[in-house]
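Think of it as A, B, C, D, E, F, G, H, I and J in the order they're written, each chain with its own count starting at 1.
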Amino acid sequence: MLFQVEMTVKLPPEMPVERAAEIKASEKAYAQDLQRAGKWRHLWRVAGSYSNVSIFDVEDNAELQDLVSNLPLFPYMEISVKPLCRHPSSIRDDDS
Amino acid sequence: MLFQVEMTVKLPPEMPVERAAEIKASEKAYAQDLQRAGKWRHLWRVAGSYSNVSIFDVEDNAELQDLVSNLPLFPYMEISVKPLCRHPSSIRDDDS
Amino acid sequence: MLFQVEMTVKLPPEMPVERAAEIKASEKAYAQDLQRAGKWRHLWRVAGSYSNVSIFDVEDNAELQDLVSNLPLFPYMEISVKPLCRHPSSIRDDDS
Amino acid sequence: MLFQVEMTVKLPPEMPVERAAEIKASEKAYAQDLQRAGKWRHLWRVAGSYSNVSIFDVEDNAELQDLVSNLPLFPYMEISVKPLCRHPSSIRDDDS
Amino acid sequence: MLFQVEMTVKLPPEMPVERAAEIKASEKAYAQDLQRAGKWRHLWRVAGSYSNVSIFDVEDNAELQDLVSNLPLFPYMEISVKPLCRHPSSIRDDDS
Amino acid sequence: MLFQVEMTVKLPPEMPVERAAEIKASEKAYAQDLQRAGKWRHLWRVAGSYSNVSIFDVEDNAELQDLVSNLPLFPYMEISVKPLCRHPSSIRDDDS
Amino acid sequence: MLFQVEMTVKLPPEMPVERAAEIKASEKAYAQDLQRAGKWRHLWRVAGSYSNVSIFDVEDNAELQDLVSNLPLFPYMEISVKPLCRHPSSIRDDDS
Amino acid sequence: MLFQVEMTVKLPPEMPVERAAEIKASEKAYAQDLQRAGKWRHLWRVAGSYSNVSIFDVEDNAELQDLVSNLPLFPYMEISVKPLCRHPSSIRDDDS
Amino acid sequence: MLFQVEMTVKLPPEMPVERAAEIKASEKAYAQDLQRAGKWRHLWRVAGSYSNVSIFDVEDNAELQDLVSNLPLFPYMEISVKPLCRHPSSIRDDDS
Amino acid sequence: MLFQVEMTVKLPPEMPVERAAEIKASEKAYAQDLQRAGKWRHLWRVAGSYSNVSIFDVEDNAELQDLVSNLPLFPYMEISVKPLCRHPSSIRDDDS
């Protein structure tokens, strides 16, 4: 089951540079693990911003909550979620 | 080059049913042509709405304008566009 | 799987009274069928408005889209959807 | 008398981890007490967020204010309230 | 139990003048009946607008819904509702 | 001359508890003085919030500014003001 | 007593040209009468728009309501009102 | 050439009182100099707020930027600007 | 003197196709005249929309109002205006 | 390929003056380098603000992201991006 998730990172300006680097590194590792596991299906940068557009593929709402709330950057992001489903005009098999 | 395009259809309630069906049919044909041509890479329905989330793959801004402004439903939609690019944490080859 | 759905009805003022009554009657029948089927778990009026707050219990996003987009009042409503899941502080067995 | 209450937690990033854990623990105890007392009828997590959707069942507006303003997380939440009442299409006895 | 209700009238410009006058007259009669009954406790015009600020005194949310949704101008108004209760700094006996 | 004033208190989370208590105590004393003087005619808590709805009765705009800007909580509040006047449907003598 | 009033004209596109011209002519006459009477102290066009910024000088809120609600364009305008008073840094005698 | 400028002061709550007083004093001197020079034509307090409505009379956009960006409170204000010009219904000679 | 002007066209769906074509043709002629006269310095389409971003070069606010309010599409557009001036980091001679 | 980029600088008030001066100096150098390279085609100050309107000329979305995210002020700015393309009414050769 697919969800579009948009995330905008807002790190507090007073966070020490090393702490920020640490969180970003664990975020990257976590994101790549989920991509390898097939849970985080797409991940794009929105050009000109510190935001991404992502497509998650999860079992249910509970798994979405589990994956998103464990993002290392979760406390520092504005996140919006849209549930997706197959569009009647789609011709692509795996867009459901 | 990728763009996320979100479209919400707002047909005027006074539009005759046949006219609406006609526009929707040509919209569907147009959308499927662009998908086959590789220009409209993803197309999802937002569950519980008359909206979609789409990913377009175009040469440049001008082609995006050309494709979107020729949508049969274009005069009846609210559309928002976000330019996308490769995310440094992405592991997927074709997400650029 | 649960979703909160908020709906606000905006009938065009020029709609004939009988037509409005007809749509509302079929909306009521449809809503009561879905409640009996266990799909539309809660349905409340927001006091002082022509809006409701609802809880849907569906298989997945696709079923949510199917049920909501077939509401007789669907073309005349503003609808917002929030995916829900179990809250770690909940003590109620069926709130998942 | 029912109210929908939506709460989004915004803890200041500089709050020490132990202080946050302490507040969350007392919030959980308080929430479970109110659920047992029948005052906090439903409590759901909004998937992909640090928000909940709740249904309170109170005597009157004053009791709602009393219960909500005593939440341990009250100073750190954005809260919105909607008064609810029976919907004419509801078939469920206890949705009033 | 008190509620603040703010109403802004938006009559469609194409409504015939006599029809508008008719609705406004029945609105006035209805509003004065509710004031006499003690249900509509205060009614003020917002200066420079076609809006009012009102205080309703009702048994519960259901009565609020009943009174507001039967306003003759109800289909033509934007309405917002705030539940009120006694303020700890109030010295006025009947402000509860 | 009447004004509706809505105030939402936003104390900075890092303010020491005693300092907050001090400001709130002087706010309460000030609010009760103005109520006794007939200047702050109504004061209600918005249920489920740290906000109030108030009705001020002042000589003119300048007095409103004087009274509001001297609130001890003034630097910590979001405030909105609406000028009020008699509604043509009001039957209450003192609602002007 | 001064008020800033901002008005944006939104004539329905289907209004016949002669009807629009008629309303605008009576609006102009009315505006000039109020300026001569000293009630409408300033009137500026916002460049690039069909909006104005105005300063009214009235006895009280009731007179503001009377003058504004009798504007011939009143049913076709979005209007916002701000009560003004003397600024402590002003050096101009008549800015009160 | 006239501009309407609206300014809302948002001093950080942690700014020392003396520092705030210092900035406000230089702001006042600066504002009065510009008024005497005929550049800051009107200056009103918005009643019930820490905002003002101002009318600037400048040579061009560059002078507006120069005057506004040198306000001692500039880093602590939300500012909005509207270019003004003569209104066709104005009868006042100096409102251009 | 430069202004950024953003325009979004919202033609009423019921406007006859020929009438729309007529207005668009005169809009195009008018726009090209102003470009040739050096008044409309830049004109870009926003990709994926029926909007443009424009830079006007005018004598003063009054000329901006004159040029913009005479656009054939003026009654059918949402327009926003920003006054521009030289940026201290600009190296381009004609960007003032 | 052109993009309109609007940037508003929001430096935290507690940033030391020298640190701010340092960042602004490197921002200026960076901006002038990109202008000389033809990547940052236009740069205007929005009069009365700490904002700019810019036109970037880049190869693709990825280059836009690269240039913008490396702005020294990037962590302290609100940025919005609009993809531009040739307008059918433009007569200027280099506005594509």
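Please note the rule applied: a residue touches a chain if its C-beta (ideal position, glycine included) is under 8 Å from a C-beta of that chain, and two chains touch if they have at least 3 such contacts.
Labels paired with UniProt names: A, B, C, D, E, F, G, H, I, J = Muconolactone Delta-isomerase.
Every value quoted in this text rests on a predicted model; they were computed, and no experiment measured them.
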item: Chain located farthest away, centre of subunit D as origin (C-alpha); value: I
item: Chain pair showing more contacts of the two, B-C and D-E; value: D-E
item: From the options B-C, F-G or D-E, the pair that copies C-E, where over half of the contact pairs coincide; value: B-C
item: Averaged-CA centre spacing for the pair subunit I and subunit A, given as whole angstrom; value: 39
item: Subunit A and subunit J, separation of their C-alpha mean positions in angstrom; value: 27
item: For subunit A paired with subunit G, centre-to-centre distance based on mean C-alpha positions, whole Å; value: 50
item: Set of subunit G residues in contact with two or more other chains; value: 2-3, 14, 45, 47-48, 61-62, 64-65, 81, 83-86
item: Category of the chain touch graph - line, ring, star, complete, other; value: other
item: Chains touching one another, given as label pairs in label order; value: A-B, A-C, A-D, A-J, B-C, B-I, B-J, C-D, C-E, D-E, D-F, E-F, E-G, F-G, F-H, G-H, G-I, H-I, H-J, I-J
item: Subunit D to subunit C touching residues, read off their complex; value: 2, 4, 27-28, 31-32, 35-36, 42-48, 52-53, 55, 82-92, 95
item: Of subunit I, residues touching subunit B in the complex; value: 11, 13-14, 45, 47-50
item: Interface residues, subunit G side, partner subunit F - complex; value: 1-3, 60-62, 64-65, 81, 83-86, 96
item: Of subunit H, residues touching subunit J in the complex; value: 3, 5, 12, 14-15, 61-62, 64-65, 68-69, 74-76, 79, 81
